[in-house]
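Multiple structures follow.
Both of the next two complexes hold chain A, though its partner changes from chain B to chain C.
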Partner chain A sequence: MRHGLIAVLGLGMLACGEPNEAPRERKLDIRLETHAVLPGQPSAAGLAYLDQVLAAHREADAIAEPLARADRLIAALELPIPERDGAAEIAAIGLAARASEALLEAHADARVIALLGPIVPTERSLVIDRASARCLVALGDAAARSGDHVLAMGSYARALDMLTLLLEEEAES
Partner chain B sequence: MTELSPPSAALASEAIARELEALGEEPLSADELAMLAADALDEEPAVASTARLIELSQPYAAPELTELGAERVWRTIEGRRAPQARALARPAPSRRWVPWVAVSLAIAAALVLVVVIPSDDDDSGERNDPSNEQVAVIGDQARSALRALDDGLSDTARAERLSADYQRRLEEVH
Partner chain C sequence: MIGSKIRPWFRPSILLATIVLASGLGCDGERAGGASVVPGGSGNDSELRPYGDPEGESMGELELRLDKLVEKQTSLVAAGESDPSKCEALCELSRAICEIKTKMCSIAEDRTTDEDYQNLCRQAKQRCSAASDSCVRCVGRSEGRSGGTCEGESALPTK
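And now, the complex of A and B:
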């Protein structure tokens, strides 16, 4: 199914406009570059990063107000991510997913788009993980509520493509 | 098989009682004591199988067991295991959603094609924005599929697992 989807969607592959461009002047962009997570060599720096991410999640659990919760998670997103470390990459995209969902809960749609724009652009390869799909769905939700139907449709389509990949992985395991 | 004489049966039951007590098991029941006295326990299928397995695990201690005999015992044991193995091999209930998600994704993919293809054929080069309805439908599909792939873990639990696995890997390296 996915190969057929990609083949046909490739026909509709168009350049993405600038983030501040008016929605009607942009065209649908549903490119999805992906890569599987590579565990890499574990390091003390990697473990320290994961522990900081874990601390951020635990602190966020205790914050009821969604904007404040998002801010705590976004602060952790600013930590430098150890390079060539798959676990750290998974942890980071998980932070972004939860932060964007908290922003959505607070109806801070513009902040969701500003946060996720640089994290899940079509030009960037995304790690094959459910958190990546969560980010794409959150971006689609924020765009839909903002009236940017082109961005919403593109994000949802990319999310479905990512979820198809995850399904294939599930079926093979 | 001859029945145990009363003194032998008493000695055997006392020895078994001591072993059961040492293992913290329930003492012999009246029925079991009666079977022991009649020397009928060895003919119980489960007891016979267990005795044979013990013999097979000690091949040099059971020189009277022929190769054919051993084969028959193992076939019997395997036959008893099969139903249980088949039950264990059934797909786990948690995977029942997979076909549903596949269908859901197929529908959503079709919807994307409906939106994209006419736009490609548009000579004006301009695209029509997707409608509210189209966005709502594909958004519902995406969220449904996302929920279907939820492993039930919270973000914190997932981060805990990630950190614990990583720490274990790091310790293995050093």
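And now, the complex of A and C:
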């Protein structure tokens, strides 16, 4: 009788197991921490930064070749971003978005992942803005083309959340 | 001698059946509780938080969810009515949301046994649908207000 009970319990536990499928090699990470930029006057350093970013965009407009265009924008990303300046923060993420889209255009997917990985990690709070969503979509696109479906799905899910926040924000404004 | 006539409830066969039943119920314990799916799949990813609100399966819970969605949609449509340029912004965001939905579901299609991926695809479809409806209604009402559409003609797609 005791052996019978053990056998029955064992079968019950087996039945509770996961379906017979290949396990995913990595965990999906869809965390999205965000913050909003409050309206206010930009600082003097912020204004100077915005001027430099604008100049970089103008120069990039004149470059037809996507890799060269991306390089110009990435060079602007090296500029120090003034702290506690929302406009500067949005400008910086806008640079990253455009640079990564240019890299995608050139099929430089590995460079997109290398560029955006440190800019939009799940551990970092992202500013609620279309540029953040564009970065997440670009990261998803690059990951999908590289065959990294875990990173792709995670990035798309985060982009979806960001866009939903923007939609709600738009409705409330 | 009276006691000998009482049939013991814990006869071995009944006990065995109870254990089998209990172990079977244990399998569905999490689902029955209405817990949301925690992405990760292997079941030991305790660092992650459940994605979105818990989604119940009972009629009451579904009705509550529907009410919330309708409420949210109404606020989105109302926002568009107050300022026509909002419609443009809403529709642009709606298009972006639906593009992402297509990408997510394309990945999920290749992994039909992965519940996390299927759930994310389903959620993306719901968001796309809600955002599209907001856009269509916003545009329809905006045009109706400016006299752009024929009277009685609905801007909504017929279902």
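Note that the second predicted complex is superposed on the first by the 145 of 173 C-alpha atoms of A that agree within 3 Å, B and C clash if a C-alpha of one lies under 4 Å from a C-alpha of the other, contacts with A are read in each partner's own complex, and residues count from 1 in each chain.
Criterion: a residue touches a chain if its C-beta (ideal position, glycine included) is under 8 Å from a C-beta of that chain, and two chains touch if they have at least 3 such contacts.
Predicted, not measured: the structure shown is a model, and the values here were computed from it.
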{"item": "Chain B versus chain C as contact partner of A:E105, first or second or both or neither", "value": "neither"}
{"item": "Partner chain(s) touched by A:D29 [first = chain B, second = chain C, both, neither]", "value": "second"}
{"item": "First, second, both or neither for A:H57, with chain B first and chain C second", "value": "first"}
{"item": "Partner chain(s) touched by A:I90 [first = chain B, second = chain C, both, neither]", "value": "first"}
{"item": "First (chain B), second (chain C), both or neither touched by A:A144", "value": "both"}
{"item": "Which superposed partner A:E65 touches (first chain B, second chain C, both, neither)", "value": "neither"}
{"item": "Which superposed partner A:A44 touches (first chain B, second chain C, both, neither)", "value": "first"}
{"item": "Per-residue touch tally on chain A - higher for chain B or for chain C", "value": "B"}
{"item": "Residues of chain A at both interfaces, chain B in one complex, chain C in the other", "value": "1, 4-5, 8-9, 12, 23-24, 27-28, 30, 133, 137, 140-141, 144, 149, 152-153, 156-157, 159-160, 163-164, 166-167, 170-171"}
{"item": "For the chain B and chain A complex, residues of the former touching the latter", "value": "95, 98, 101-102, 105-106, 108-109, 112-113, 115-117, 119-120, 127, 129-132, 134-136, 138-139, 141-143, 145-146, 149-151, 154-156, 158-160, 162-163, 165-167, 169-170, 173"}
{"item": "Interfacial residue positions of chain A with respect to chain B in the complex", "value": "1, 4-5, 8-9, 11-12, 23-24, 27-28, 30, 39, 41-44, 46-47, 50-51, 53-54, 57-58, 60-61, 87, 90-91, 94, 97-98, 130, 133-134, 136-137, 140-141, 144, 149-150, 152-153, 156-157, 159-160, 163-164, 166-167, 170-171"}
{"item": "In the complex, chain A residues that touch chain C", "value": "1, 4-5, 8-9, 12-13, 15-16, 18-19, 21, 23-24, 27-31, 133, 137, 140-141, 144, 149, 152-153, 156-157, 159-160, 163-164, 166-168, 170-173"}
{"item": "In the complex, chain C residues that touch chain A", "value": "12, 16, 19-20, 23-24, 26-27, 39-43, 45, 48-49, 51, 72, 75-76, 78-80, 86, 89-90, 93-94, 96-97, 100-101, 103-104, 107-108, 110-111, 113-114, 116-117, 120, 123-124, 127, 131, 134"}
